[in-house]
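Take a look at the structures listed below.
Shared chain: subunit A. Partners: subunit B in the first complex, subunit C in the second.
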Partner chain A sequence: MSMALAGFLQLAVVAPPAGGLLLAIIAPVLAGLATLLLPRAAVTARVVLAGAGPALAFVLVLWHLGAHGVAGHTPPPESHHASITHVADTSGTDDLASQVIESSLSHASDAGRLAAPPQGTAVIEWVPDLDLNLAFLADGLGGFFALLVAGIGVLIVLYARGYFGGATEQARADLFRFYPTLGFFASAMLGVVLADYTLLTLVFWELTSISSFLLIGWNRYDKAALKLAKQAFFTTGLGGMFLLGGIGLLGYHTGHWRWSELLQHANDLDWSGGTLKAAFLLMFVGAASKSAQWPLHYWLPGAMAAPTPVSAYLHSATMVKAGVFLVGRMLPLFVLPGEGVGVDIWPGLITWIGAITMLYGGVTAVNQHDLKRIFAYTTVSQLGLLMAMYGLAGFDFDHAGHVVAAAIDLDITQIANHAFYKAPLFITAGAIGHYLSRSLPDLHGAFYKFPAICATMLLAGYALAAGPGTVSFQAKELFLYAIYHAANGRPWLWVILAMTIATAACNVAIFVRLLTTLLGLPGSMGKADHDSAHDDDHGHGEDGHDHHHAPEPGLGGALIWLPAVPLVALQYIGGLAPGVWDRLFGRFERFGYYFDHGVPSLLYAITHPGVPLYASGVAIVLGVVLGLSKLLRGQHIDPHDAIYPGVEAASVGLGRGLFAVLQNGSLRVYLTVVLIALMTCLSAAAWHDPGMIAPIGAEAARAFELPLGVIVGLLIVITALLLPVFSSRIVRVLMLGSCGFTVVAMYVVYQAPDLALTQLMVEIIGVLLFVLVLRLLPEPPQGERALPVGKLWRAGLGLVVGLAFGWITLVCAHAQPEALLGEWFSQYSYHGPAMIDAAGEKTGYERGGGGKNVVNVILVDFRGFDTLGEISVLGLAALGVWSMLPGRRRELCGEPPAQANASSSDPSTAEATLS
Partner chain B sequence: MTSTLFKTAARLIVPLTLIFAAYIAMRGHNSPGGGFIGGLMASVGLILYRMAHGRAALLRLLPFHPRVLVALGLAIAYVTALVPLALGQPLLTSLVIDGLYIGLGQTIHFASAVFFDIGVLLVVVGVTVGMIQRLSEEVDSQHIKESGCPTTAASSTGGNPR
Partner chain C sequence: MTFVMALCVTACVGVSIYLLLGRDLKGVAMGVFLLGHGANLSIMAMSGSPVLPAENATAAESLKAAPILGAHVPSPALANMVDPLPQALILTAIVIGFAVMGFLLTLLIITNRSTGTLVVDRLANEPVSTTRTDTRAEPFLPSGTPS
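Take a look at the complex of A and B:
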């Protein structure tokens, strides 16, 4: 492994821009694998080493962004945002928040920050023929996602230490197995967000599906978890197939296989026809399956069978955002390139799918008891919101007389916002479930037992509710603004505004219930006198993690909630000091059509009342009421959970049915199918090419030139025709053999001694084998012994096939002589072509077969490779016989007969295998 | 099938068959013959011997499992195929020497493909003899089971059509 590492380090030096990012991508998996070398007891060293992988990735991506800038951020010279391109200048004095607002509207109508599409980095060739190479693109979107994945990855490595514990043997075994898998996922995810080649994105995309499968099915002995892992894998894997189709269509239609090139040439693409629209649709299905969009969202709540570190990392913060990421990647390609190009179905389709997902997830989330399920459905809901946000980007709108190109602002802020509150919610939910229970009704007054964990959870929950003071509030405002703007002249979008308000109210209600329950206030979900939480069923069925209820002392124990703190802190920094937030994340933002000066402050939001602010207010009031009411307090069972089991049962049933029809074990049926298919193909060929019928007459006439041949031929025909008349198998085999021996005579007549000899030997051995095998077969059922009249068609089919083969032989013999290989073979069998020197003298021959017997030279030289394969197959066939009829060699060798009788079951096995 | 005539004839015929098989295989490159036919011929000879004298006699003649022949033949064939690769030639390139001196004033025409042919021969002999041997053992044991008369069954080894 150290050699591999050295190789990649070398790569990083040779091709710095691509190599650095490549190293960042593989660092987590290498570090994860390296932890396998540590002894199991070395828990601290294991954590440090595993954490070093994502940490190194984080630093490398930062270094890359610092050295090369955020790709794609080269705004036009007159732009006011030149400052944000200087990523390296982290100590810069640019204060985005202070930038004047009036610059925004004057720029809003041009494509603003996308004026210069991003350039990909240098290429390391992988499979150039497939347009699949290693090149990476760290633009605002990709770079931000990479930092998110690597950064949260470090926190999750620490959290896993707290979650699994470190003292027991079981915990050590868990950590031993967990870190490599987690590293595998982190690398795959970094690959998805950084890949520049479209197919490379797909490769990593599938790797995230595989690693997610491994992590959901973490508990290998829990059948339910394995089923859910399969459900997630097949759902997202099927989406991956759609993505492959979309990428292929896009690539073949445009000739571009790199995102950077596609973005650069978006205006020059051939947008006429439906090809690009179809490509977009396919890719969107892929993105929607990965990002759990309705109606494919069911896998995400199911994926909560994974241990909580996995849920916090994959199924809230990173992997499920891969679909959102992909849509964000496609946005500048399909929607924003310019006038008259792009895909017109984008805004309607994505906005509606996203909005339905958002509302459905929100309403279902309220109606749950298990904390992980609650947060899983809010994740579904938030993913819907993110999708809808990109959908709205397809709308332009009028503002104060200017046409603004797209109703989208600061998408990175939205994405970051969700990750920064959802990961802490999962982390603390795992922690509280570890000590008490994950079921909300059991958590009455838990705050007083575990104040730190519950406080962190409540602070994150406040962000979930988009309370003022968190960046979540501003993010929701941005989304509401986008709807409000886009709805200008499109009244149906007011429906989406209403759906957003309803969703936001659900989120507020969840927070209210969390607050009242954890603090033990009136209106809580739990019982007032709830002291026996320990004795209840904690609902730990879902992740099957062995709970030990006493908190572990020291830092190791605190790691079960501490990693949530920095993320929650970022939420409040964003909410209370948007300037700092912009300094941190502004450089990644790609869209700022309305709020192009960065995230608006809380003060701005309050001092500019309008529909969005009112909508927020309504949502909060409704949410508090809903939270305190008795409504929606049950445990809703998602009807979509039946989709996958239904589809699986249907496909397995269909498979069984097809298998019963196609693989029914009757050799006659197989043979009939094969022969009929062959006849169909030949008929089609003859239909297509009448030249295959014309030569029959002339060739057949030639066949009658030699009287002896005609006589032998007639003999063959008569023997063959008599075959179906006899019913005994042995007689039939002997007839077949005599047919073959007559063919030997035919070869002699036509002076082919080799063939005659071979045919003779093959025929002897063939008849012997036939007789032996037939003796081992059971007697045929009485009905089949005589030839039933109803089955005469089999003889007819045999006749037709035989005639067809004769016909094809004639056609082949009629082919052009110069095209015949036979000429070439006999010419070069002994010598190669003559070598002629400069003077025109023949000096010798080039290498030939070195033999005068053309047949044998073909076998061992010209076609030697075929022969090599054939004898290998022969050997395998013999191995099959020897292994399926296990040896009775020793037993028959003078052993007492009792033993031979003892193994009486063997012949029946032989019958089964041979028949 | 166990007549004295047949047994005696088999004793005479089988060695001749084997020698002829070797001859056919060696001359194959220039005249009708070759490894495949040679192999088949040797197999037919050996099977004839088995039919005449029973499997114990064949086991004395070939005191190892036929799979040894198959493995050996495949090994020879693959080595012959792969050696040219090591020498920078395409797979299976045959080395042809016109007039290779073999001592006593004699020369032969030599092609390295002959080794490949020998490999083919061994595989063919191993496979056919092995398969037929195995299947007839199966038939024998079925016979033992059905007749319940082990002594006669063990000696009657040929195919006795029902």
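Take a look at the complex of A and C:
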């Protein structure tokens, strides 16, 4: 018993249970759905209930991490600490970067990887055959993201209450609809970051796309918003398809379908061949589309059509980071620190795409007036920076004969930094837009009207500018260090450094303009620019939320900016007290090569000047100059905005063109296409197997073995060929009839009396019916005869298809099967198998069909159900005829419908008599 | 014998395709019947020739027996008797073909009554072209969206 318990406990240590995390994932959507049960007027209860979902998720993830630890996290070796401390202590005036290179050289053995491969949770089976089960991976990256999603989720629930209001009927309806959708998103996003099975990640990934679509198209009556929602959905959804391809390739090539297994086997993957490289490329396209990397970034500014709570949550802090998250997930898999890069295109591709995105987003952001668009482009820019950070991680470099580990440090701090200032910026932008305007030139002096909101926005904006005192400053320093390290021996990476400085300057410029405008200082985006700007304000598919609301009193009104405060506070805690920051977030960090003891303090950075610090200084000076200058003050129209509409118009146009060609409504064209395809397949078959030609000669030699058959056959051929020759329809019907009667004769030749009798009946009735029906139908219009060319074409196609069918008949007839089913049927038609007693004497027969006409026995006995089906068809056809001929029915109204049915039921009765 | 049957199949199917590709619906209906004949004959031919193999043939009988057990069929072996199974299949096919014929002729009458024409191209073009114009106007707009 105690052994079993010990074993269980050990198992629990090896694989933490999955239930807690599963509950954490579904908690937000359950809470969101539960709010639907509340009456619409119960606003406070609704907010509390909706917020309870992400709050519960937060607590559960925290509990899981507390109980089972951060997966894969092992404290760095003591010696490592010591050497760093030692180097730090004895550092002179050398710049920090070269010291830490030295320090990592001193323990090059464990510089490769600090963290052990993480361990996933136990498995709850879902679809084992597809390698799609429920298991979770709460490592540093996943666990941190989960806390981020859940924590900001709570704040956004509160903010939505302030943003939508709670007093009017419209506000209550909005909240009623909003919270379930938001909960849906929060659950999907938690799933993405916690899933251990690769396919499970994909499932949640697509769910986030769907929820994003629902939230961007929140205003269902705004066609522009709907278009933008579609644009975002298709862009990220198609990216998801790429991700599926990559995951599939990865899974089939490696045989592992769990991130944790993949990471454990990262060192013994088979890198030969291009499979893993292709898998990486596909997955990166998926990640890049989700994280709005150039040139697919256009959907993110478009997604600002969503209500601001959505922008603050999905499109800045969480969902758009899913791509960054995925790349961070792949990093330990595709980049093997100290041993070279598994995928050699990793650093070049990701770094450059990220850097281009970063610079383009930064420059475009300066050139906007709408606050949400400004922040959207800075989001694009920052996502590019995060991508570039992971790209740089692929560079390992040779230093004095040692391969030094990849250039990445404290990636979690970078990600957290962005979320902690961007979400507050959006929250306050929504708030100020709610009361005044979202257009920056309209906000001249707004600080004096709404000091709390504007102060929060400016504090967050200071972090956007990476000002000293915020964790953003240190994060920027860390990024610059990474470039500085990676550029050691790669001079072209200095270009990236220049791009980073330019981007940072743009961010500083944005802050300067925010500051001057809100405070009404000189150099602001003054009223001068206002007139040209205002008309465009509503032209970008904004969320349609009415501006110029009166401020709502009390806590409900304050909720429109208050949720931003804790996030901004975290920025300054990180900046001013990095020790506290490290206690909070240090346990999630996976990479700490140079700064493995945590985020460097501001003082440390300033007292150890180097290229990164100088770069920051240059960026700040340039940024202030740019912010105060008259440059880049217009409203840049992003040319990439035309990509999606262009692609959509092209594909819809192509589809319409193909439809017009392929589905032109002409039965003759359809039939021709089908027949030509059939002929092509048959030709291919004959080409493949020349033995299919041989039966023609063999059977032709035996053609004249039965003179009577030849005569009847000739009659069939002649009557059939004469049919289209005559134009009079009565003659045609008679020809059809004669053909049928000669077929009857052929059945007689073939010793098939039942067939002959039945066909005879059917033929007589058929000819009569045809003649009767033709009387009711018009003659074909004489003036519109088909062209001779069309006739020739028809005749040619008819000849080819006819010959093909004749040939198939010969091939089939020539086959010599091992046994014929007919043999069995005739054997047991009358008797069953013989019964043999113990002495070997035949004592009788088992039960057989009991009939001597084998065909009839087959029909009514061996294949009785078949015949039942046949009779049903006949009955249905009779019903159809009856129901389709209302006129005829009216004529027969007085009498029972026997007469009309008689013709249809004749063959069945005929057959019944035959059987 | 099978070769003759193959020729019959060729003639029936060929003419039926020619009629099916025509512009007149009545011709199409005839083509359907003829196609049925072609298919039945093809199945029949696949069961093999009804001519007795030379070693079993007698002066009186040169054909295999019909699939009816009796005094003159000593053993139910397919060496001397034609295969009953294709016959059973064809019998089913004939009856269903007849049902289809009745249905088709009724459809002809109905079509003629409601549209006044039996020319395939005209029938095909009119209704489809109207729907297509509708689709072109608003390809993706969900119905019921207020504008």
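The rule is simple: the second predicted complex is superposed on the first by the 629 of 915 C-alpha atoms of A that agree within 3 Å, B and C clash if a C-alpha of one lies under 4 Å from a C-alpha of the other, contacts with A are read in each partner's own complex, and residues count from 1 in each chain.
Simple rule for what comes next: a residue touches a chain if its C-beta (ideal position, glycine included) is under 8 Å from a C-beta of that chain, and two chains touch if they have at least 3 such contacts.
Remember, predicted model here, so these are calculated numbers, not experimental data.
Undergrad: For A:Thr758, is the partner it touches subunit B (first), subunit C (second), both, or none of the two (neither)?
TA: In the superposition, A:Thr758 touches subunit B and subunit C alike.
Undergrad: Identify the partner contact of A:Leu859: answer first if only subunit B is touched, second if only subunit C is, both if each is, neither if none is.
TA: The answer is both, since A:Leu859 touches subunit B and subunit C.
Undergrad: Applying the touch criterion given at the start, work out whether A:Phe805 contacts subunit B, subunit C, both or neither, answering first, second, both or neither.
TA: Only subunit C is touched by A:Phe805; subunit B is not.
Undergrad: First (subunit B), second (subunit C), both or neither: which does A:Leu768 touch?
TA: first
Undergrad: Touching A:Leu37, do we find subunit B (first), subunit C (second), both, or neither?
TA: Neither: A:Leu37 stays clear of subunit B and subunit C.
Undergrad: Have a look at where A:Leu654 lands relative to subunit B and subunit C in the superposition and call it first, second, both or neither.
TA: In the superposed model, A:Leu654 contacts neither subunit B nor subunit C.
Undergrad: Check whether subunit B or subunit C contacts more residues of subunit A in the superposed model.
TA: C
Undergrad: Of the partners subunit B and subunit C, which touch A:Ala877 in the superposed model: first, second, both, neither?
TA: So A:Ala877 meets both subunit B and subunit C here.
Undergrad: In the overlaid three-chain picture, which partner chain does A:Pro778 touch, first (subunit B) or second (subunit C), both, or neither?
TA: Touch status of A:Pro778: second partner only.
Undergrad: Quick one: classify A:Val621 as touching subunit B (first), subunit C (second), both or neither.
TA: After superposing on A, A:Val621 lies clear of both subunit B and subunit C.
Undergrad: For subunit A, which residues belong to both interfaces, subunit B and subunit C?
TA: After superposing on chain A, subunit A residues 753-754, 758, 762, 765, 769, 773, 776, 852-853, 855, 859, 867, 874, 877-878, 881, 885, 903-904, 907 contact both subunit B and subunit C.
Undergrad: Which part of subunit A faces subunit C closely enough to touch in the complex?
TA: On the subunit A side, the touching residues are 220-221, 223, 652, 656, 659-660, 663, 665-668, 671-672, 675, 699-700, 702-703, 705-706, 709-710, 713-714, 716-717, 720-721, 723-724, 729, 732-733, 736, 739-740, 743, 746-747, 749-755, 758-759, 762, 765-766, 769-770, 773-774, 776-778, 780-781, 784, 786, 794-795, 797-799, 801-803, 805-810, 812-814, 820-823, 825-827, 829-830, 852-855, 858-859, 863, 866-867, 870, 873-874, 876-878, 880-881, 884-885, 903-904, 907-908, 911.
Undergrad: Inside the complex, what are the residues of subunit C that reach subunit A?
TA: 1-24, 26-27, 30, 33-34, 37-38, 40-42, 44-51, 62-70, 76-78, 81-88, 90-92, 94-103, 105-110, 112, 117-121, 124-125, 128-129, 132, 136, 139-140, 145-147
Undergrad: Which of the residues in subunit A end up touching subunit B in this complex?
TA: Going through subunit A, the ones touching subunit B are 730, 753-754, 757-758, 761-762, 764-765, 768-769, 771-773, 775-776, 847-853, 855-857, 859-861, 864-865, 867-868, 871-872, 874-875, 877-879, 881-882, 885, 887-889, 891-894, 897, 900-901, 903-904, 906-907, 910.
Undergrad: Within the complex, which stretch of subunit B touches subunit A?
TA: By the definition above, subunit B touches subunit A via 24, 28-37, 40-41, 43-44, 47, 55-56, 59, 65-67, 70-71, 73-74, 77-78, 81, 91-94, 96, 109, 111, 113, 116-117, 119-120, 123-124, 126-128, 130-132, 134-142, 144-145, 150, 154, 159, 161-162.
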